[in-house]
Amino acid sequence: MATQHSRSAARLMMAPAVVLLLGWMLVPLIMTVFFSFKKYLPLRGDKLSDGLEWVGFLNYERFISSGSFWPSVQTTLVIVVSVLVITVTLGILLALLLDQPMWGQGFVRILVIAPFFVMPTVSALVWKNMFMDPINGILAHLWMLFGAEPVLWLSQASVPSIILIVSWQWLPFATLILLTAIQSLDGEQLEASEMDGAPKLKRFWHIVLPHLSRAITIVILIQTIFILSIFAEIFVTTGGAFGTKTLTYLIFQRVLDSQNVGLGSAGGVYAIILANIVAIFLMRIVGKNLDN
Amino acid sequence: MARAVTNQRKATNTLFAWAIGLLIFFPILWTILTSFKTEAQAINDPPIFFFFDWTLENYAAVMERSDYAKFLWNSIIIAVGSTILGVIIAVPAAWSMAFVPSKRTKDILLWMLSTKMLPAVGVLYPIYLIFIQLGILDSRIGLVVVLMLINLPIIVWMLYTYFKEIPVDILEAARMDGASLRDEIVHVLTPMAIPGIASTVLLNIILAWNEAFWTLNLTAAKAAPLTAFIASYSSPEGLFFAKLSAASTMAIAPILIMGWFSQKQLVRGLTFGAVK
Amino acid sequence: MGRFVLDKVSKSFGDTEVIPPLDLTIEDGEFTVFVGPSGCGKSTLLRLIAGLEDVSGGQVSIDGQDMTSVPPAKRGLSMVFQSYALYPHMTVRKNIAFPLRMAKMDKAEIKKRVDEAAEVLNLTDYLHRKPGQLSGGQRQRVAIGRAIVREPSAFLFDEPLSNLDAALRVGMRLEISEMHKRLATTMIYVTHDQVEAMTMADKIVVLQAGVIEQVGSPLELYRAPRNVFVAGFIGSPKMNLLTGPEAEKHDATTIGIRPEHISISNESGMWEGTVGVSEHLGSDSFFHVKCDAFEHPLTVRAGGELQMSYGAKVFLTPDAAHMHTFDAEGLRIG
C-alpha cells in the first residue's frame, strides 16, 4: 500500500517524533562533550558567558584515574547482570507456577504485579527502613527469631541489598511478560511431545524455553534500559556509600555535589560510551528477535 | 488443554501461588498496615500484624507537615500531561511505521529505543542550563516535556505493535471511501486501536508517575511531584516508621487504585505490546 | 460514467517487475473480470486502478482524465475487499454511511440513501449491529452496500466471494450480476475462479505473470482461446491438451479438445482406451479415459445416465469442428 502520497505523508508524520528525539539526544550531548573539554566550576566563578578555559583531555584523564571510576563501572554491571539473572530465573519459575490451574489466579496476579506500581523512592525507603533497618526492620526481627545476629544490610551487604530492592521492583514485569508468553504456547505442541513420551524437564528445555526466547529478549532489553540508570534506589538508601556508587551516581555527585561540571561531563561521556556498548550488543539481539 | 486436574493438585498450586504472591506483596501490605499504627507500635518487638490500635494520626501528621495535595496535583499533571502529549506525537509516527514500512523503519524504531539508553546523568547539566535559560526549571511544563521525551520511544513502540495488528485492508477501504489521511486516523485507526492506546496510556502514566531522576533533579518547591514528596522522608529527621508508611501509602495509592480498576488493559500494557 | 484506459501501465516492486507494460481499455458500463492463477498480478492491477499502489510507468485515465497520480480517495471509485474490510467499531448503518459522511453529505440525505441500500440488500434489520455480529454473507452485503451508496463511477471487486462457502457464493454471484444489470455501472472484478469469470463477465481479461494472455467475451475465450494457457484455463473441466503423433497429424504441436466435444462408444471410434475414474454429477458424467496414444488420461463428458465400469474398454472420437490446434509457441493456429 505504499504510494508516493502515503510515503510522503508518512515522512511528514514521523517528523515530529524523530526531530524531537534527535534534538533531545543531540543538543545536550553536544553540550556535554563541549563541557567535558573545559574547566567549569560554577561555584568558583566559572561562567559560560565569560568563556571557559580549554583543558583538553584533562577531565577525561582525571575522571578515569580517580579511584572511584572502575569500581563504579563494576558496580553498575554487577547490579544490571545480577538483577537480570534473578528476575529472569525467578520470573520463569513464577510464570510456570501461575500458569498452573488454581483458585484465585487473577488475585494472585494482582499481588505479584503490585511492586511495579510502587515508585522507586518509596520502595527504596520502605526497604531501607522497615525491612533492612538493623534494629527495627522486619529482617532483623526474622534473623533474631532464629537466634542470628541481624545483618547491617546497607553497609555490610550494600550491593546485594540494592540488587534485592531492584529485583523486587522488576520481578513483576519479568513474570508478567513470561506468563503471557507461556500462555500463548500452543497446547497441541506440548501434547504432541507428551505423546512422544518426552519427560517434563525435557519438554521444558526443548519446547517451553525456546518459545520464551523472544519474551526473555524483551525482558532483558527493557530492564537493561531502566536498570542501567537506576538512581533513586541509591540516592535514598546509601547515597552512594559502601561501594554502591554506580557510574550514574558517581557522575551525579561530580556534577551536583561537587559542582565540577567539566569533570562530570567527561564522566557523562564515559557513561554514554558504556551505554552504547551495551546498546549495540542489545540491539543486535533484539533486532534479530523482532524480525519474527 | 481440557484435562481433568485433581483437586488436590489444584489445591497445592493454589497454596504455593498464594504464599509466593503474598510474599511479594508483603512489603506493600506491611507499609499500609504500619501507616495505621502509632509510632510506638510500628517499631514494637515483636512486630504486630493486625491487632493494634488503628489510627489515622499519621496521615494527619503527614498532611500537616507537607502540602500533599500540591504534590499529588503536580504528579497528576506531569504524568497525565506527558503521556497525552506523547500519544499525540506518537500516533502519526506509529501509523507511518506500521502502515508505510520502509527499509529504515526498523532502524528508526531501534534508534528511538536506543535514545532511552542514553544515561540521563550524562546530560543532566546541559538540560539544567537549558531549563534555566528557558525559565522552566522547577516548572510543570518543563517536566511534562522531559518525561514526554523519555517515554516517547516506548509510546511509539507500543502503538506500533498495536497498529500492526490492524488489517491494512480496513485503512485502504477508508481511503477508497474518500477519507483523507486525517479522517483515516481519527475515524478509523484510532477508534480501532482504543484498547492498545488505553494500555499504552496507562503504562506510561505509571512510568511517568514513578520517574525519579528528572523529577528529583529538575524541581524544587513549585513543581515537585510525589517522588520528591517522599524523598523528603529519607532525611534522618523523618525517620518515623508510621509516618513514613503513611506518606508512602499516599504516594503509591493513586497508582495502585488506578491499576486495580484497569487491570486488564494494564496487564496488556505491561508487556509493552511486545508479547501476545 | 466510468471508462478506463490503461496506457503502458507497469509495476515493479524493487527489481522485480510484476507487471510489464500493458494496455487495456474498459468501456463504460462493462463488467470486466480479471482472471488468472494466484500471483498473476491481477490484484496488483486492480490496486493500480484504485490508486492504492503507484504505477511504475504508464498512465491510468478514467473518463479521459489522467488519474495516474490522483490519490484513491479522489478517484470516485468504490472497492469491495476480499476480507470485506468493514469498520469493526461502527454499526452497519455507520459502515454504509461512512463514504457519504466523508463526502460531507447532509444527514437527511445520508439516512435516505443508507435506508435504500439496506432495503435492497436485505440489511434493514441489521443496521444497528456491529460487523462482528453478522454472518459472512451479511458482511459481504454490508461491504457492497458501502460501495453502492456513494454512486461511484465504477466498482472494484477484489476476490469478494472467496471467503464465502460454496452455496452462498452462487447466490452472491447472481446478486452482483443482478446489481450490475440494474445500475449499469462499470465493474472490475478480480477472481482466480474461472467459473465466476465465465458466468459474470461481459469481458474477461486473462492474466499470467503480469501479462495479458487474452481479452474477450466469455464465449470468445471458450471458442477461440488464443493460446494453450487460455485454452487450459477457461472451461470446466479443463480442455484436453494433447501432444505427440496425433497432434502432428493436424500439423500442430498441441491439439486441444474439450471434454464435451468427445463422443464415447463401446464399439468403435478413433482412439481406444480404458476407463479410469468416473464422476457422476447427475446431469453429466465425466470419465477419465487412458488412451494408448497419449501420455495423460483424457476427460470426457457424457450424459448423466451413462454408466461405465472401471477398466472397461472404450473408443473415443473427437468432434473435428471443435478441435483447437496450437503451434510450438503455444499460439493458436488458424
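Going by the order they are written in, the chains are A, B and C; count residues from 1 in each one.
To be clear about the criterion, a contact is a pair of C-beta atoms (placed from the backbone, for glycine too) under 8 Å apart; a residue touches a chain by one contact, two chains touch by 3 or more.
Nothing here was measured: the structure is a model prediction, and the numbers come from that model.
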Exercise for review: State the chain with the largest centre-to-centre distance from chain C, centres being mean CA positions.
Suggested key: A
Exercise for review: Taking all protein C-alpha atoms shown, work out their mean, then name the chain whose own C-alpha mean is nearest to it.
Suggested key: B
Check your understanding: At what distance in angstrom does the C-alpha mean of chain C lie from that of chain A?
Key -> 58
Check your understanding: In angstrom, rounded to a whole number, how far apart do the mean CA points of chain B and chain C lie?
Key -> 54
Point to revise | Mean-CA-position distance for chain B and chain A (Å) | key: 16
Exercise for review: Please set out, as single numbers or ranges, the residues of chain C touching at least two other chains.
Suggested key: 52, 71
Practice item. Find every residue in chain B that makes contact with two or more other chains and list them. Key: 172
Exercise for review: Any chance you could list the residues of chain A touching two or more other chains?
Suggested key: 1-2
Study note, to complete from the structure: So, in the complex, the side of chain C touching chain B is made of residues 50, 52, 71-74, 77-79, 81-83, 85-89, 98-99, 102-103, 146, 150, 156
Revision key, fill the gap. As the complex stands, chain A meets chain C at residues 1-5
Review point. Can you list the residues on chain B that touch chain C in the complex?
Key: 167, 169-170, 172-180, 183, 187-188, 191-192, 194
Review point. Which chain C residues qualify as touching chain A in the complex?
Key: 51-54, 69, 71
Study note, to complete from the structure: Seen from chain B, its contact residues with chain A in the complex are 1, 5, 9-10, 13-14, 16-18, 20-22, 24-25, 27-28, 30-31, 34, 42-43, 45-47, 89-90, 92-93, 95-97, 99-100, 102, 106, 108, 110, 112-127, 129-130, 149, 152-153, 156, 168, 171-172, 181, 206, 209-210, 212-213, 216-217, 226-227, 230-231, 233-234, 239, 241, 244-245, 248, 251-252, 255-256, 259-260, 263, 266-267, 270-272, 274-276
